[in-house]
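Each structure below is given as structure tokens.
Presented sequentially are two complexes of chain A, the first with chain B as partner and the second with chain C.
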Partner chain A sequence: MLQNIVIGQYIPVDSPLHRLDSRAKILCLLALAVIVFLANEFWSYTALVTTVILFVVLSRVPLKFFLKGLLPIFILIIFTFFLHAFFTNEGAVLFSVLGFSVYSGGIEQGVYISVRIGSLVVFASLLTLTTTPIDLTDGFESFLRPFKRFGLPAHEMALMMSISIRLIPTLLLEADRILKAQAARGADFAKGSLRTRLETLTAFIIPLFVRSFKRAEDMATAMDARGYRGGEGRTKLRVLKWRARDTIACIIVAGVGVVLALLRDF
Partner chain B sequence: MKSFDIVIIAMFVALMGVAANITVIFPFLVIAGIPLTFQPFIAVLAGAILGSKKGALAMVVYTIVGLFGAPVFAQLQGGPGIFVRPTFGFILSFIVVAFVVGKIIEKSRDPQLATYCIAGIVGLAFNYLIGTNWVYGAYVFGFDAPDQFTYTIVWLGMLPLFIKDIAFTIAAGIIAHKLPEFVKRPVVGTRVQGGS
Partner chain C sequence: MHIAFQNVSYSYMIGSPFEKQALASVNAHISSGSFTGVVGSTGSGKSTLMQLINGLLLPTSGEVQLGDARLHRKTKRKEVKQMRKKIGMVFQYPEHQLFGSTVEEDMLFGPRHLGMDVNSIRKRLPALLDIVGIGEDVLPVSPFSLSGGQMRRIAIAGVLATDPEVLILDEPAASLDPAGHRALLDVLKTWHDERGLTSILVTHDMEDAARYADDIIVMGPAEKPVTSGPPAEVFRQVEWLSDIGLAAPPSIRIAHALQSAGWDIRDTLLEPEAMAAVVANQWTRGKKEG
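Here is the complex of A and B:
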């Protein structure tokens, strides 16, 4: 079970979206997250849905991966839909159930809000589905570099991100090992009152922390031994390049924003 | 920043990821269908052990790693789509939690067990203040929730979780107080030049 956890969601296929610079994609996502909220009537929502479909087709990522991203949000969408269907009292009464009247305005609003949340999630999934975690971290670092003069450790943060992603499976295995070791010594984590359970849990947490600190120490020593000295003057194997297509992508997203702003009902 | 600091902060980020999904390891922690998480517990410990600045930095990195798609949030979720969830405020609040807990312990000259516990509870209060208000705000502004969705309803929904977190926080305080005797501080480690 622990081995089945997939870190990152990147789908390695070749598409126009995959080839874009990660910085361009991050910028576009930030812009789209605002643009989504511009839509507020039928035609602007149609334009929004068209954009979503276009981008999904362009990404060449199989549809099931988007559905996987939408699944956890599905309950939220259903909840919001019913919240609106039952409590927004606008338009004509469609029917009544158990004293609640469902209005056409409520259904309309429910559909719109669901589309809004859905598009946001799909846009967000597009970023992680088409960009490797390494590229994202690099893009993030280059965005933060200007803030270095204000004391923001851009390079260190990017390094921490890479290390922590690597450490998650290690820690899960470690936790599993400690659990088995303590069970072999007779620890039962599943029995007793809440108080005794919390007390038994320390038999798990203390070793986990001790081992984590030990591992961190070893790793830091290894870094020092190899002459790690921070981001200053450090070169990269893969360098991000801003190309013409990245500028075009940004212009397209800005265009979508303008179209939605024009269609929007004020 | 020393190499050790970089690695230990990354370690706390990974610990947050594991704590959020503790039910993968301990299936019995799913109570009444709701998987419990240990995130506030680790956030409090990050502040108490790493200090205010590094603890808060660990939580910032945790949030970014999660937004970039690593499955470090509860139920192995990750990716920028999390931002849309009404509960995202809780994740953001961990930054404040770690900072506040660290600050309280740094300010006290001789931190006792009680100091750790009080610091943890103050941190937890920030956790819920920010998280719950974010949930309410998300529904009102993001989802255009109707007027029947009141502020009181949101707080009532948080109550059962709050009771569980109080217990965990006190446990965190006790462990944070005990831990330094188990964890030897590193003696080696050169200062990184050029880093801040």
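Here is the complex of A and C:
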């Protein structure tokens, strides 16, 4: 029933992007989020789209996973497209519907904005599709660490994040088992009166909570038993390593930024 | 109810990079009224096979026959639900499915959702609890206030309350103490005999399979996914079993070893106590003869 959910986002294939340090990828994503907004005319948008395609090909992740990420925001893209198409009054009038005139400039703006949103989403997906959740949290932790002196619990936040990420598959498996157990007892999660549906829902939620609390308790005990006492003086089993290729990646992204900045209309 | 698997394959998470084939072209059948044991090493697909019987999973290819009904890739939800009424399923760790604010409420969940007459079943609850060895005074109590073993028995009684024709037991006695383990399986076997059910017991314990099952299905490696037959036949293949990570019950292994050493042991499939008596008997006779 829940078996078709792809756990987390990470797609385990080997590619140049997969091999990059997670910190480099986070930095590049931040930079790209700004760079996307530099594009403002035909050639700079062409450069942007080329970059997107290049990165997607480089990641070796099947296209359908990007489409999956784009699907939820598709409505947003359609909406902004029409908004621009109808309310931008530039260029030649193409046609009119319901008293609204659609200008060529409007269509152009609509396409541009859609490309911009789409590229942002693809770049963000690239990060989560090519980075394991653990690397991702390690990366975030190293960026948060400087803020520790202002009282930010960087280690605890990262630990919380990695525990939750680690437990998502377990929780999904547990949910799947409980769903099946109740379905075997006749529960139908898709049909029935409000009252029966409420009861089926309770029959699902309560065991799930009971199991989760139990698991949290066990985990706390296990951590205690192994002498966990917070982030102070703690070393890592897997240390993030910044290599030449990570610097190169950052330079390439900066290069993309420069190209777009040169191409754009001022 | 006669159950047959015809070229049944099943893969989890189809179409994702995590796709995993759990069963490949399985052919097996379970005759009506039998008590069948299913054994196999961890991950061999026993639980998957059980979930295919009551339509919790539908085969990726092939077909499962249940009496006159058929479950395949395209079977409609409605038909599946109809089937499910006749099939009771006790999962691994059934106590994890409890949710009711009282034991009574929880036990009536199945009957109510299967559209059975709840009032008449309510009257039968004390008798059901008695069968699994619990007093009726727990009916108004919260199930979460009971011990793990008691919770398990209540969950099982809740499945029996739906009066199934086919009873699927996925390691119902796992992690119980030895006495509780035997007691629970004895109860389920008696229930099976009295009602003429068709029952399937998934177990890691070869001793259980030998003791309770009329037929045994062994889930093996990909080249030879299943083998089945009566216990005597299956457990004769001592070497093959150990090749796939299983072992015949100790009493049977000892009997086979003694047999090949020339001892006069005719029936190797006796229960451990009976086997011990035979061996002791032979031993003393051997001593007298010198």
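Note that in this section the second predicted complex is superposed on the first by the 202 of 266 C-alpha atoms of A that agree within 3 Å, B and C clash if a C-alpha of one lies under 4 Å from a C-alpha of the other, contacts with A are read in each partner's own complex, and residues count from 1 in each chain.
Definition applied: a contact is a pair of C-beta atoms (placed from the backbone, for glycine too) under 8 Å apart; a residue touches a chain by one contact, two chains touch by 3 or more.
Everything numeric in this text was worked out from a predicted model, so none of it was measured.
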Partner chain in contact with A:224 - chain B first, chain C second, else both or neither: first
Partner chain in contact with A:54 - chain B first, chain C second, else both or neither: neither
Chain B versus chain C as contact partner of A:185, first or second or both or neither: second
Chain A residues touched by each partner, larger count belonging to chain B or chain C: B
Which superposed partner A:168 touches (first chain B, second chain C, both, neither): first
Contacts of A:71 with chain B and chain C, given as first, second, both or neither: neither
Partner chain(s) touched by A:156 [first = chain B, second = chain C, both, neither]: first
Touched partner set for A:177, first chain B, second chain C, both or neither: second
First, second, both or neither for A:11, with chain B first and chain C second: second
Chain B versus chain C as contact partner of A:206, first or second or both or neither: both
Shared chain A contacts, counted only where both chain B and chain C touch the same residue: 6-7, 190, 202, 205-206, 210
Residues on chain B engaged by chain A in the complex (per definition of touch): 1-4, 6-11, 13-15, 17-18, 24-26, 28, 45, 57-58, 60-62, 64-65, 68-72, 75-81, 83-86, 142-149, 167-168, 171, 174-175, 178-179, 182-184, 186, 188-190, 192-196
Residues of chain A that touch chain B when the two form their complex: 1-2, 5-10, 29, 33, 69, 72-73, 76, 80, 83-84, 87-88, 109, 113, 117, 120-121, 124-125, 127-128, 133, 136-137, 140, 148, 151, 153, 155-157, 159-161, 163-165, 167-168, 170-172, 175-176, 179, 189-190, 194, 198, 201-202, 205-206, 208-210, 212-213, 215-217, 219-221, 223-224, 228-233
For the chain C and chain A complex, residues of the former touching the latter: 12-18, 51, 54, 56, 77, 81, 84-85, 87-89, 91, 94, 96-99, 109-115, 144, 158-159, 162
Footprint of chain C on chain A - complex, ascending: 3-4, 6-7, 11-13, 177-178, 180-188, 190, 196, 199-200, 202-207, 210-211
